[in-house]
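Structures follow.
You will see chain A twice below: alongside chain B first, and alongside chain C after that.
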Partner chain A sequence: MKTFVQKFNATFGADMGGPVIAFIAVMLIFGLAADNFLSFGTFGSVAFQLPELGLLTLAMLLPLLTGGINLSITFTANLSGLAAAWVLQAHGGADAPLSAFVFACVAALVTGAAAGALTGAAIAYTRAHPILVTLSMMIFLRGLGEFLTRGGDVSGFPAYVAPIGHGSFLGLPIPLLIFLVCVAVWHVLLTRSKLGFGLLMIGSNMDAADYSGLNTRKIVVLVYTLSGIMCAVAGIIMLARFNSVRVGHGESYLLITVLAAFLGGVNPFGGFGRVLPVFVALVVLQLLSSGLNLMGANQHLATALWGVLMIVVMAARTLASHYRIFTRKKA
Partner chain B sequence: MSGAHPLLSLKDIKVTFGGVRALKGVSFEVNPGEVHCLAGENGCGKSTLIKVITGVYKPEEGAEFLFDGKPIAAMTPTLAQSLGIQVIWQDLALFGEMSVAENIGFQLAVNGKYGLIDKRAIDAAAEKALARLGVNLDIHQPLKDLPIAQRQIVAIARALVGEARLVFMDEPTASLTQSETDYLIEIVRNLSASGVAVVFVSHRLAEVLEISDRMTVLRDGSLVGVYPVEGMTQSRVTELMTGRNFDNAVIATDHDDAPVVLSVRNLTRHGEFSDVSFDLKRGETLGITGLLGAGRTELALTLFGMRAAHSGEILLEGKAVSFGSNRDAIRAGIAYLSEDRLSLGLNQPQSIADNLVMASLDRILSGGLISPSRKAKVVSRWISELGVKIGTPDDPIRTLSGGNQQRVAIAKWLAISPKILILDAPTVGVDVGARAGIFEIVRKLAAEGLSIIVISDEAPEVYFNTDRVIHMAEGRFQAVYDPRQISLTELESAVYA
Partner chain C sequence: MKRIMSVALGLSLALFTSTVSFAAETKIGVVVKIGGIPWFNAMEAGIKEQSAKLGVNGFMVGPTSADPALQVRAIEDLIAQKVDFIGVVPNDSKVLEPVLMKAQAAGIKVITHESPKQAGADWDFELASAKGFGEAHGKLLAEKMGGKGSYAVFVGSLTVPLHNAWADAAIAYIKANYPNMKLVGDRYGVAEDLDKSRSTALDLMSANPDLAGFMAFGSQGPIGAGRAVEERRKDGKVFVVGPFSPGQGAKLIKSGALTGGFMWNPKQAGEVFVTLADRIAKGQAPKAGETIDGLGTITPEGNTIIVDQLLKIDKESIDKLVSMGL
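Right after this comes the complex of A and B.
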């Protein structure tokens, strides 16, 4: 058993343990309890639901790793979606040509990047706490969005947009494919890029990073800019899925993204965390809610169980670390 | 209190952690009212011994434990408190936001009647404890407003409230200036005169020799011996602590023919240092010594581009340079090892490997991305070149000893191939044995042509390890010495005057 744990840790990293155990537990429990759980339908619904929460979690992940947080992710996604929606409407709404959609996506990405860069600059130059800055940004964006839309929906998009939310390619949902690409990009960014290295370093000690010649301000601005861009990707997917944009869509995801990141072994104080365990944690959360759904449980109960799962995983981690100390002493 | 028997007497104390013997049958004795020094390198068992005495760890069977002549069957932290055994740890464990009085009377506040806090009783206890030390302090000011030396006093006063009879002080002078240290020594003398025994645990040998009556030396969990301090020299103590003999010899040599790498002309930063001028040659090691607050670190940070000079010039190989940030300085080949290894010099929670490559990422890129194989190569090269003892490069750097951490910190800078390496207090928190190792590295680097500036508030350190010594005080260069032409005593009396 011990050698297996060591081998697992060496191959996948110690932070993978929690999410994988939770994954196995969820599969076993629902596989036994609901006979139709291990079916194509379950995984299909997970595959379509995963991307929205997943993309927003990726947007949350980078700020968390720097020891910060981005509370404005959902409204950044909404506003980016709005930017895209207006571009489409200005070019004929449901009759907009494909070129207009490309332009709309660019507008969304620029909007997300701008919101993120502004947030990042405010954090880097005022050194105010990210909670305060991103909370202000969140309220600003919400207010702005509601003012511009008068609280209503913007809808009426060309037919070719819908597949981005609902379509499949080679048997896999297109939103899932987009999400997987983003996961891969984030993984490479964190493990191999200078920016990824720097953001982890400032996450555990900003001053030491500064003294070693890392450009900490630039890193902070880039981190929130990338977070904003990822929000924009989520915003485009949401636009396609709902065939409309509304300020407030996906608002309930905000704190779930934080939960998913912590479930995926991200250090709450920053500096440590990887993309792949967070990905597995996201899958677990979706399986949990789909499973409960299948068994006819109330959706709100699923949310409650997410909280329970988090507490169980945290307790298990504490126990595991005690066990580790115990075995080392004996060795 | 009777003087016939020792206040504390331990015999045959053995402690084992997970198969490692931390204490291998140590005896320890403290007389009433004595100032006793407990000396030894990090990891020799000093802290373990203190924790046995305060009941945190239990010694193995066969140990003898007497306090005030009476055997103690099982020491517990509560019993130690009630017997008047107090420890002042290096971090002091005080509350910055609370007042002086609240810090001193902390126990009274916790144990107040009906869960209420009797402010007047706390104030009275604080006044009484400070009076006993002969100190005048405003007991209502917040602790965080006090300089570190006075916080130290507050920690001592807190120990006195518990009717202390035996006080352990763990590295009490580590962050004090010379005059603050003198002040603390005075306080300790008053304390011992009033009948309280004090055990000093310290790396800094000079003050240990000045203040103590006797010393107990530990090495690798064993007792080396108990010695009267009178007639003891620093080098003898070092030898006892490390089991090795470090022959100190002046290494200064001339570099007249070498080209000038760095010229500083009339460099000034208001309120920090002024009119500083010097030349640093290729392969030369320049020492800058002076008390804390002399402007040494501020000068170094200015050379490193982290602060801007108000006037004056910095010339690198003859060309005037001006740095917008330390990134410019690093690009120009200037490296700065911070005096504060714990929070500025190294990123303690992160891995050894990541710390090592932190300043030289550009050199391990391949196609714009960090190449794991290049990174591993750089890491293993420097680990072996500087003789760093590690488990694996992925271990957090905080798991290493001070000496090994410092080697990684030096390696981090060598990895950028610097022209100039500024070492600010490179031996703080490093064992005596490991210090010699650090300076061996410095000597080797200088021989390879690196220009080095060593900043230290310990005059002997620069005297024995550099080619020229600059004495800095109040932000100005006072004098330049050639170690070959003056004695250490002369240098020390100039610096510590």
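Right after this comes the complex of A and C.
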């Protein structure tokens, strides 16, 4: 047992334990409880639902790793989506050529990056707490979006946009493929790049990082800019999936992204965390919610169980770390 | 460790046996705007009762918030679950278009409610037409006022299409049938705000001594106007009609300050979802001139079935409606 744990930790990392155990438990329980759970349909459903929440979680992940948080992600995503929608509308709506769509995507990414950079600069230069800054940003973006759209929605997109949200390529949902690419990019960014190293150092100890000669301000601005760009990707996917853009789309995802990140072993105080466990945690959350839907359970119960899962995983993690310290002392 | 394993195994086996599936039954999943509010609790009761009666497996899925994204997710899960019918009361008709088309492509029939001309739906049914609903209120007010005197109209906002369609129909009906009744001012967009409705009604009563009626479309309008009438002790002289939540207006209805109004019954809507699905599953697609439980005689326009199954809210019916939790 002990050697297995050591081997597992060596291969996948210790923070993978919680999500993987939760994954196995969810698969076992639902596989046995609902006879139609282990089917192609379920996994198709999960694969299509995962990306929008997943991309927003990636957007949340970087700020969390620096010890901050980005509460404005859903509204940044929708505002980016709005930018894309307007570009499409300006070039003929449903008849817009492919080039207009490329331009629309660029507009979305620039909007997301600008919103992120603004947030990052406010945090880096005022040294105000990220909760305050991003909360203000969230209210600002929401108000701006509501003002520009008068609370309504923008729709009427060319037919080739729909497959980005609902189509498949080689049997895999296109939104899932986009999400997997983003996961890979974030993984490389965190493990192989200078920026990834720097942001983890900031998360561990901002002052120490500063004194060690890291340009902490630049890193913080970059982190929130990247978070904004990831929001824009989520915004484009949401535009395609929901066939329209409205400021309120996906409002309910905000806190779930934080939950997914913590479930994936990200340290709430920043500095420690990896992308892959977060990915597994997202899959677990989605399986749990789809599985409960499959069994016809109440949706409010699903929310409650997400909370329970979170508490159980945190308790298990604390127990595991005690166990580790205990065995080390003995040896 | 062994003991834990055996407990876990036993537990999952218990779960397994408790959820024996109903393979041959028609499976109907209805996704509503939001779960846990009185309106959709009543709808769920309707779905459950009618399913038990017809021997089908009907159930309701109520998202935890009125976010259209959650409805998309719920529908994706229903597709995975391989239901035979998906019923929807959309939060946003455009958002649901692609996912409903996906459901249709998977061979699932889609029935919508409160969303006429929904793309991606096989059938849509409405328990009240804009014209019928407006005219019913116009007629009620005219009868109470004895066909004479002036009246004022409140709507939720001048930009709410449905409220204004109701108001148009009601005003046109009164103009055509009761020429001695006079509309005061234009319509007032205050009816979603209780206090604004109350103060506007007070002002209008002061400014127009011959004012004898208020017609209010919007959740708070009838209540606000009713309170104003109660404050001025004009009950029996000034009449207030409009749709409102029975629980909220029960006291005013009983005191006579609020005359009454019409609504449609969410429980009945729940029953119709199941009835329609059951009929279509048996190969009896709804046709013009047919009589269907809960809808009456239907004349579908395209795939939209609109009927006027209005439920009167007045002194007699209020207790029953309140006891339904509405």
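One rule holds in what follows: the second predicted complex is superposed on the first by the 331 of 331 C-alpha atoms of A that agree within 3 Å, B and C clash if a C-alpha of one lies under 4 Å from a C-alpha of the other, contacts with A are read in each partner's own complex, and residues count from 1 in each chain.
Everything below uses one rule, namely that a residue touches a chain if its C-beta (ideal position, glycine included) is under 8 Å from a C-beta of that chain, and two chains touch if they have at least 3 such contacts.
Everything numeric here is computed off the predicted structure, so don't read it as measured data.
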For this session: With everything superposed onto chain A, say whether chain B and chain C fit together or clash.
Result: fit
For this session: Based on the superposed arrangement, let me know which partner A:V308 touches: chain B (first), chain C (second), both, or neither?
Result: neither
Exercise. Is A:M295 touching the first partner chain B, the second partner chain C, both, or neither of them?
Worked result: second
For this session: Could you say whether A:V188 touches chain B, chain C, both of them, or neither, answering first, second, both or neither?
Result: first
Exercise. A:V102 contacts which: chain B (first), chain C (second), both, neither?
Worked result: neither
Exercise. Can A:A209 be said to touch chain B (first), chain C (second), both, or neither?
Worked result: first
For this session: Mind telling me which of the two, chain B or chain C, contacts the most residues of chain A?
Result: C
For this session: Considering only touches as defined above, state whether A:I24 meets chain B (first), chain C (second), both or neither.
Result: neither
Seminar exercise, completed: Rounded to whole Å, the nearest C-alpha atoms of chain B and chain C in the superposition sit apart by 26
For this session: Across the two complexes, find the residues of chain A that touch chain B and also touch chain C.
Result: none
For this session: Sort out for me which residues of chain C touch chain A in the complex.
Result: 8, 12-13, 15-16, 19, 21, 35-36, 59, 61-65, 67-70, 72-74, 76-82, 92, 94-95, 97-99, 102
For this session: Report the residues of chain B in contact with chain A in the complex, numbered from low to high.
Result: 17-18, 306, 325-327, 330, 336, 338, 343-350, 354, 358-359, 361-362, 365, 368-370, 372, 412
For this session: State the interface residues of chain A toward chain C in the complex, per the touch definition above.
Result: 28-29, 32-36, 39, 41-42, 44-46, 48-49, 52, 153, 155, 162, 165-166, 238, 241-244, 246, 248-253, 289-290, 293-296, 298-300, 303
Problem set entry | Complex interface listing, chain A residues touching chain B | 188, 191-194, 197-198, 200-201, 204-205, 207-215, 271-272, 328-331
